[in-house]
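In the two complexes below, chain A is the common chain; its partner is chain B in one and chain C in the other.
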Partner chain A sequence: MNAAELSNKLFATMIEADRSGAARIVEEALSDGMPPQQVIAEILDPAIVRLGKQWEEQTMSLAQNYVASKIAEDTLLRCIPKKDERSLNKGAVVIGNIEDDFHSLGRRSVGLFLEAAGWEVHDLGNDIPAEQFVEKAQEVGASVIGVSAMMQTTALNIRKVRELLDQRHLNGSIKLAVGGAVFNWRPELVAEVGGDGTAHNAVGADELFLRLRSETGGR
Partner chain B sequence: MNSYQRVMGTLLGQPVDRLPVFAVLGAYGAKLTGVDLRTLYSDAAAYVAGQQAVYAQFGFDLVMTPFVYTALSEAFGGETAWSEHQPPNMKRPGMLSVAGAIKAPLPDPQTTGSLATVLDATHRLADIFKERVPIIGVLPGPGIMPSLVVGMERWMETLLFEPDLARQLTDHLTPFFVAWANALLDAGADCLVITEGMASAEIAPRDLFQARVLPLLSTTFPQVRGPKVLHHTGGRINHVLDLVTGLPGLVGVAIGSKDSLAQARALVGPNLNLIGNLDNLAFPSVPDEQIYQSSRSCIREAGAAGHYILSNSGADIPLATPPENLRAMHRAIADVGSRSGAWS
Partner chain C sequence: MSCGTVWLCCGVLRNEMEELVRRGKIGGELLFLDSMLHMDPLKLEERVAAALERLCETSDTIVLVYGDCGAHLLDLVRKYRIGRVPVINCAQLLVGRARYRRLMQEGAFLVLPEWALRWEQIMKSELGLNRSVAQDLMGEHRGVLVYLDTGIVQVPQRQLQAFSSYTGLPWRVEAVDLDVMLESLLAARAESLTENSAREQI
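This part shows the complex of A and B:
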């Protein structure tokens, strides 16, 4: 079976929440002698891209996001178990849930997809103050900060990140991605909190972050 | 006709003087009485004072038992994060493994501090409002309750990938869900709103709900003695409405603001009550005229057929909501939701 066929099968396991089936496909590819990097590039990546297209403009449920992200994580860990050996060639990003927000599942899925796509992800966790986002981004040279919030009340705290970026004249070099259930529900909230962009689901995070990185002048 | 008679009459399909109107205003009580949210949810007297203030100021057709799920997570050993602006959230679950949770003893609603406070508040509400204003108890459904015990990520992973283990955990927790529901009823709640996050399209697809969560509702609902409303938690629920209509003791469904009222009615038939359809998130940020018009639209669409209660769709209405936005719901009821307005 060639890589395209295996990728189609992997895509099907993501749709069907068949994590063990996904593992078997990856195992089959590796045992047939396909190099791990090729498994990621030609089997996992196209499946994720296809998933993103299928769900474009739609809301994936939290469960569907989670299944797909866990399959991506399993594949990465099987192919390249050590994080420092992965090709994280897209650069650094910082993600976290904003101050007072403890709904981490969506953010974790975003982190897994970004890492699978080749980003160096610095996940700060839950309840993160604005200052910590900005300071970490400066420390690691991140081009994008991704801030997650599930509730409208907590989403409004993201304004502080926007204000800090503007005050420190970082708005040209660090872009602000926002996400979480409330942004799908009220898209106008992205502008209200000063976000530079959002994605409808975790699968779309890579495309969003690439766009935002290009707006900083990075490639 | 008082609020109790109006709501019970609507639920039973009897003639009422006007459409009932609900608004989820638990935390808002703190805003009106000037206490912080930690005090509101930790002190039964403070909570009840908040509900009294909400009822006195706005006259919605309900009072609510404390809508504070950290009372449950704390009962299982979890840690709470308090905020000045919203009800508290679970900061850390009490159980770090599903296997551990299955072996852990279940808390006793009557003697576990945070749960006893909720029951105390319910008793006090009953002393003041019984048969005058319906006392609505709120609790999480059996499909989402495990997330308050082991955390959302661990529960989602188990539910999706280890169904046997997930079943063991829900089997273990079912007696607590039933005991907690019945304790709320015994303390004075007239009706229970069961917020089942797994029934929300934003949390789980239909097939997952049908396979793993619907059986839990089917087995637990007959064990809960009072009338029950299934709530979407914050999202859409129409995708599973046809599955839930026959659940034992189910008197209504709270639908989401992005669900179609007409589709919901077609799915549940003429006799099941529908509640909601007003966008929670709009309340703090739009003019009162918009709330008024949205309310009118809901009443026109669903009021005439009866078995409908106008309400926000979601959890607590944000604290930043201006009072006039809440009163706009009443204005709409007065204009088009009364008998004289013919609900049209």
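This part shows the complex of A and C:
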């Protein structure tokens, strides 16, 4: 079975919430000798992109997405190198869910993808006030803060992070990445909350963070 | 135009809304949509939009008793200039923001009375979660099932025990005072009345 067929099968397991079936597909690919990076790029990434599309079209429920995303996270964990074997050479970033938001799944996936790509990720968790994001970013020298929100009402709390960065004249040195399902449905919300950019899914996070880091003058 | 308030509500709160009317805490007309519409967000938005389109012809004070349950629900609130309860979901409406935060930090999975009776249908049929997957997922993200007892129906001990066994999580009951929900409802009604005045001045 080629990578495209395996990706189709993985996508089907995501929709059907067949977590063990997903694990078998990934194990099969790895044991057949496919390199983990290829499993991520050619099996997992296309499945996640399709998943995101269905989510944007609202043809799946919150709960179904929750289960499917969990399977994606399992797959990633099977494929990325262990923490102490990774080279974290892209610099520090801070991520978390904004105040009042408790939907951790997307953020955790983004964190995993970023770590796999070589970022030093400081994940603050759920329900994080603006001050904590900015203070942590200053403490660890992060070039990007990534803030996640699932719903429109909670996404609007991200404006407080923007205001704080501007008040402290940090807008040139720390960029604000925003993400979460609601930004895919409502792209105009990125500007409304003062975000410097967004990615449609965890797969695009590395590219976004690299772009934002370069805008701070970092390489 | 009717002067009374129309409350367009998620069916998950039917008993609680009817109880508040019985107690004379709120007045007006109650309309409910099936809570299972949450399993199909597009359909939920379509049904809410259709109801609002119809209600706006006949009622001047409309309150949407829904959380942030779809990507475009807030657009509907703006479009029809109605009030909406200032919460992210129905559980937060019942317990209030501070208590909701404490429960989330504890890793609680909040079970509403109507939902408790349908847990099997939702978990098995709608989500396709077999026992093993349900236990993996819930165990990773949650620590306890908390049934929000609004005091209207008997605590469904048998269903909660079965849900607990299915998910592998312990369960407990917490009492909920409907006055917390009432406060949000009245705030939303006040918002709707303000919108009314604004409309009349245009």
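What we mean here is this: the second predicted complex is superposed on the first by the 135 of 219 C-alpha atoms of A that agree within 3 Å, B and C clash if a C-alpha of one lies under 4 Å from a C-alpha of the other, contacts with A are read in each partner's own complex, and residues count from 1 in each chain.
Heads up, the rule we're going with is that a contact is a pair of C-beta atoms (placed from the backbone, for glycine too) under 8 Å apart; a residue touches a chain by one contact, two chains touch by 3 or more.
Since the structure is predicted, the reported quantities are computational estimates derived from the model, not experimental observations.
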With both complexes superposed on chain A, which partner does A:Q152 reach: first (chain B), second (chain C), both or neither? both
After lining up the shared chain so the two structures overlap, which partner does A:L170 touch, if you call chain B first and chain C second: first, second, both or neither? neither
Chain B versus chain C as contact partner of A:D127, first or second or both or neither: both
Touch check for A:A23: first (chain B), second (chain C), both, or neither? neither
Who does A:H103 touch here: chain B (first), chain C (second), both, or neither? first
Could you say whether A:V67 touches chain B, chain C, both of them, or neither, answering first, second, both or neither? both
Which parts of chain A are in contact with chain B and also with chain C? 17, 19, 59, 61-64, 66-67, 70, 100, 102, 104, 126-127, 151-154, 181-182, 185-186
Please output the residues of chain A touching chain B within their complex, sorted ascending. 17, 19, 59, 61-64, 66-67, 70, 100-105, 108, 126-127, 151-154, 181-182, 184-186
Quick one: which bits of chain C touch chain A in the complex? Just the residue numbers, please. 38-42, 45, 68, 70-72, 74, 88, 97, 101, 104-105, 122, 126-129, 132-133, 136-137, 140-141
In the complex, chain B residues that touch chain A: 81, 83, 85-86, 89-91, 152-153, 156-157, 159-161, 201-205, 208, 234-235, 258, 281, 284, 318-319
Sites on chain A touched by chain C in the complex: 16-20, 57-59, 61-64, 66-67, 70, 100, 102, 104, 126-127, 151-154, 181-182, 185-186
